[in-house]
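Shared chain: chain A. Partners: chain B in the first complex, chain C in the second.
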Partner chain A sequence: MNARLTPWLFLMPAILIYGIFGAYPIFQTFAISLTDQVGVAAPGKFVGLQNYADLIGDAYFLNSLKNTGIWVIMFLIVPNSLAITIALLVKQTFWGSSLIKTVFFLPLALSFAIVGVVWGWIYEPDVGLLDQLLISLGLEGLIVEWLGPDAATYSVIAAAAWRQTAFATVVFLAGLSAIPQELIEAAKVDGGTRRQIFFRIMLPLLKPASTIAVSSALIHALLATEIVLTMTEGGPFGSSEVVGYRMYMETFWNYKFGYGAAIGVIVTLMTAIMVVPYVLRMAKAQERDWS
Partner chain B sequence: MTHVTTEMTNGSDAAQAIDRGSLRERFEEPVVRGSQILLLLLLALVFFLPVMGTLLTSVRTIPDITQNGAWALPSTYEWGNLGRAFIEMLPYLRASVIITLPSVAGTLMVAMMAGYALSRMQFRGRIWMFLVIVSLSFVPIHTQLIPVFRLMSDLGLHDTFISQIIVHIMRQIPFAVLIMTNFFNTVPGELREAGRIDGASEWTIFRRIYVPVARPALSALIVLEFTWIWNDLLWGLVLTQGAGKKPVTVGILSFEGEYEIAWNMVASGAVVAAIPTLAVFLAFQKHFIRGMTMGSVKG
Partner chain C sequence: MAHVTINQVIKNYGAVQAIKGIDVGIEDGEFVALVGPSGCGKTTLLRMIAGLEDITGGTIEIGGKVVNNLQPKARDIAMVFQNYALYPHMKVADNMSFSMQLAGASKDEIKEKVEDAARILNLEPYLDRYPRELSGGQRQRVAMGRAIVRNPKVFLFDEPLSNLDAKLRVSMRAEIKSLHQRLGTTAVYVTHDQIEAMTMADKIVVMSAGRIEQVGTPLELYDEPANLFVAAFIGSPSMNLLEAEICDGGLRFGDGTILAATDTGEYGTGRSVIAGIRPDTFELAERGLTVQVNVTEPTGAETQVVGQIGDSPVTCLMRERISGRYGDVLHVMPQGPVHLFDPDTGLRLGTARTAAIN
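Take a look at the complex of A and B:
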């Protein structure tokens, strides 16, 4: 075998499959976004940046953009802070460790379709699990229309956060386990308080774990298509739509392929901006490994 | 919390520190530990409520739900709900199996080869290739949906298993290659050198030496890929038409539409649809967690 050719032979299947069915479509999406194509039957005609211009004045799109912003903010805060709390508690108490861990990890095994269906009827008015729970605790006053126009976005985020917390807990627990116990003991002997130990020793050492948890939260918040689709279908009246879901609707319900492609491009660009730091870090680490 | 007293002095006097430590152990520790355990249990309970509610509801009757509320213990256990849901879900479950197993196998084969080349071979453009693969693992499905849908229609592959299998392999390649590259990085290079001295070809070294040692990475990858591919919803929606080719994630949605306010059946459907990935997760939790911590941002 030719030594220079060999690596590429090993890479060939991956490059071929991804090239044809993954990479080429990415470029096509850019091209389609510059046309007014409707459906698959005929290619549309070139309209330049018209679709993007239309998006700026599209109230539905702008609303979905606003919701995606809410998703990103909530998703950065809620699952990650919950997860770090859970991870610290599990680590410090060891109480029924593996059973407790399983409880927290479990949502990871569930699809967004199932999470959506289950939480959809948790939020059901009166008969849903949440209202029933509040009633039995005597907290009827807290009940709102969970999937109504005002609360729907937050309710869907809570459902998705349930699953995201599971992921972040896994990541933070692994991060905590990597911290040498002697380091913490030494700090204790030196009279360090819990708070000092957490902020000055543990948190800095959790940086790699935090990078993973934060990147993951960002990506899931930016896309969030499947869970919105299964729980609210963007409703009521489009109030809980997110950008990714808009793309799906414009394309596969309204058959506006050109318009949908333009939204797809925007989603991709937003993701790209968010993950660039992460990608560069990984590449640098790899180069160090190889040199 | 009573940290204030200990916070004032800063550990210069070791004897004092030890003294304080024992004081803390005697008075503060039990209280803190107790409240920690309590808080953890409370969080676990809240976290588990959705699963518990679903399980409870799946085996109840509708009159029981309306009379006693959703959180009472079932007055009778209607195991038949689950059986009925299973029979109705069977075509979707079958489709999911036919789609998922070849997708996982295909992903692993392609990723092992590519990961081996990236990790073990020196060649021009290697770091760029790696950079491209890392970046591709973040590409949102949204920028591929339309052309892939069109391409599959053009190829006459719309509403087939094969189109879904190809697309899943494509989507999983970047992540799987990443994991395999990172794993092969940890395998000592002497293995390969030894093989070369014996005159073995690159392919033989890969097949006979590297594939067998990759077992720990493979088991983690299998569990993750199985769960992710099985749980996919969007491709299943976009690439299929008839019920026969739709995966169980799409099935649960039509199931929900069909039963609407028959909560017990909706819950049964959810339980039946979740069992395969739940079983895999519970059986291989260690592999699953190891895979997640091997550098993934997916979930």
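Take a look at the complex of A and C:
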């Protein structure tokens, strides 16, 4: 067998699968985004970058873009910092620690759509768990209309963050257990305080874990759709729409396939720009510290 | 530099007592080896000195100050770990100066100290490298450099050479010893390898099952082991422990041979003893103890004969080249001291010298 050909033969199945289900749809989407296609009945006619130009003036889209920005920032900070705190707390084995770990991991078993339904009940005005809880604590003053126009985006993010925290906790726990205890002890002997040891030894060595946690958070924030769908349907009055939801609505409710595809291309580009360089940089650091 | 005093120290893990009340005095500038088999508590004791394990009972003093409740960083000690414990994300220079960085030392001071340590350890070309880019021996050196830079009161070593290959271990052994002689810092060195302890230490603490068996200079332990444990542990190959009986003016061994022996009168005829004989003190003889050969192992300079005298296993290190096989019989005479131990308590009774009876 030809030595130059052999590796490609082994790569072929992966390349084929990625090509058919990954690369081709991306290019197809881009192609559709340059047309005015409506529905699936007939191909649209070529309109160049008209769809993109329309997007710039589309208030609904710009609002969804702003909300997605909020999602990205909140999703990077909230679940990851919570997860690393929880991981540090439950890392030690103590009586009941595996039960506690299980409780924290449980949300992972639910899809974002289900999380949306469940948290929808929690946020229910007056009778929902959250309001009931605040009332029983005498904190009625804090009650707002959780899924109302002002708070909806943040409430949905909180629900999604609950599940994302579970995922990141698992990842950080695995990461922490991969750090040799000797390194922590050496740092103690070197005179490190808990804080210094965390920031200068543990956090840098958690890079493999934080790469996964951060890129997962980025991707879920940029693509968030189903939880918005099940909790608020983007409402009220479009106030909690995100770009993924917008793309879904334009394509499958308004049948504007060309327009929806243009949103899809923008989401893909945003994801690539944010996630790819980050993952590459982290992979390099990981190779340095863990080989 | 400081002396270390370990006073009635106890360590419990739940119901298990790992360290059972230990006293050791370590002089300023002394190199002390804690040696013993796995699980004897030597590493636990070292970690208690370092502050990485709580002290259940007793006190540990460093430089006259009780450190029981001090954090490791407040004890002014430096530790070299078994697996080096270098920070993988820091370059060699940063690994070495991490403690100074934490202490807020100035850049110039750090640079100077790191360069000094690097010069001592021949690490100058590697300061800009990451630990993964170094060989095992170089990593070991960086771990030592990290300790030197601190200029601590006490160096603690936790089996630092056990991950190196045999050749490198011998050369690092000499290097650590000469480094200690140069710096003069008090050092506590944990090892399970009695040769490391013998060659490096000023004083050896032999431990077993959470207790001290004997404390002494290497040659004291070798020449006058206090009990059967130390007798068997110190020296390689280990001392032969043969069953014998005191008889009139001599010792009767398991093979029926009687050897004339000095200094046995006070123990009383008929008393059972364990006779400890170093393998290298045997010499071939016309008459003497009868060794049933199991195998002979030539090592070039010497031949190791493994066999039995009576029911007791025996190892003889002979300068002659012997090619005995299973079932052969040799006659040997101990030409050095015969250590006598009480078979019940295991304690040393005394030393006798033997001669063949015509």
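To be clear about the criterion, the second predicted complex is superposed on the first by the 247 of 291 C-alpha atoms of A that agree within 3 Å, B and C clash if a C-alpha of one lies under 4 Å from a C-alpha of the other, contacts with A are read in each partner's own complex, and residues count from 1 in each chain.
Methods note: a residue touches a chain if its C-beta (ideal position, glycine included) is under 8 Å from a C-beta of that chain, and two chains touch if they have at least 3 such contacts.
It should be emphasised that the depicted structure is a prediction, and the values quoted were computed from it without experimental measurement.
Visitor: Just to be sure I read the superposition right, which of the two partners does A:121 touch: chain B = first, chain C = second, or both, or neither?
Guide: After superposing on A, A:121 lies in contact with chain B but is clear of chain C.
Visitor: Quick check on the superposed pair: does A:253 touch chain B, chain C, both, or neither? Answer first, second, both or neither.
Guide: So A:253 meets neither chain B nor chain C here.
Visitor: State whether A:180 touches chain B only (first), chain C only (second), both chains, or neither.
Guide: Touch status of A:180: second partner only.
Visitor: Count the residues of chain A touched by chain B and by chain C, then name the partner with the higher count.
Guide: Of chain B and chain C, more residues of chain A lie in contact with B.
Visitor: Considering only the touch criterion stated at the top, classify A:133 as touching first (chain B), second (chain C), both, or neither.
Guide: A:133 contacts chain B only, not chain C.
Visitor: Touch check for A:237: first (chain B), second (chain C), both, or neither?
Guide: neither
Visitor: Which of the two partners, first being chain B and second being chain C, lies in contact with A:86: first, second, both, or neither?
Guide: A:86 contacts chain B only, not chain C.
Visitor: With the two structures laid over each other on chain A, which partner does A:192 touch: chain B (first), chain C (second), both, or neither?
Guide: A:192 sits against chain B and chain C alike.
Visitor: Output check: A:204 vs chain B and chain C. Expected answer is one of first, second, both, neither. What do you get?
Guide: In the superposed model, A:204 contacts chain C only, not chain B.
Visitor: Between chain B and chain C, which residues of chain A are contacted by each of them?
Guide: After superposing on chain A, chain A residues 188-193, 196, 289-290 contact both chain B and chain C.
Visitor: Quick one: which bits of chain A touch chain C in the complex? Just the residue numbers, please.
Guide: Interface residues on chain A, with respect to chain C: 180, 182-183, 185-193, 196, 200-201, 204-205, 207, 285, 288-291.
Visitor: In the complex of these two chains, what residues of chain C are touching chain A?
Guide: Chain C reaches chain A through residues 50-52, 71-73, 77-79, 81-83, 85-89, 98-99, 102-103, 130, 132, 146, 150.
Visitor: Within their complex, state which residues of chain A touch chain B.
Guide: Chain A reaches chain B through residues 1, 4, 6-8, 10-11, 13-15, 17-18, 21-26, 28-29, 32, 40, 82, 85-86, 89-90, 92-93, 95, 100, 102-114, 117-122, 127-129, 132-133, 135-136, 162-167, 170-171, 174, 188-196, 212, 215-216, 219-220, 222-223, 225-226, 229-230, 244, 247-248, 251-252, 257, 260-261, 263-265, 267-268, 271-272, 275, 278-279, 282-283, 286-287, 289-290.
Visitor: Name, in rising order, each residue of chain B that touches chain A in their complex.
Guide: Within the complex, chain B contacts chain A at residues 1, 3, 6-7, 9-11, 14, 16-18, 20-21, 33, 36-37, 39-41, 43-44, 47-51, 53-54, 57, 65-66, 69-71, 109-111, 113-114, 116-118, 121, 123, 126-127, 129-131, 134-136, 138-151, 153, 166-167, 169-171, 173-174, 177, 181, 185, 201-203, 206, 227, 230-234, 237-238, 249-250, 252-253, 256, 263, 266-267, 269-270, 273-274, 277-278, 280-282, 285, 288-289, 292-293, 295-299.
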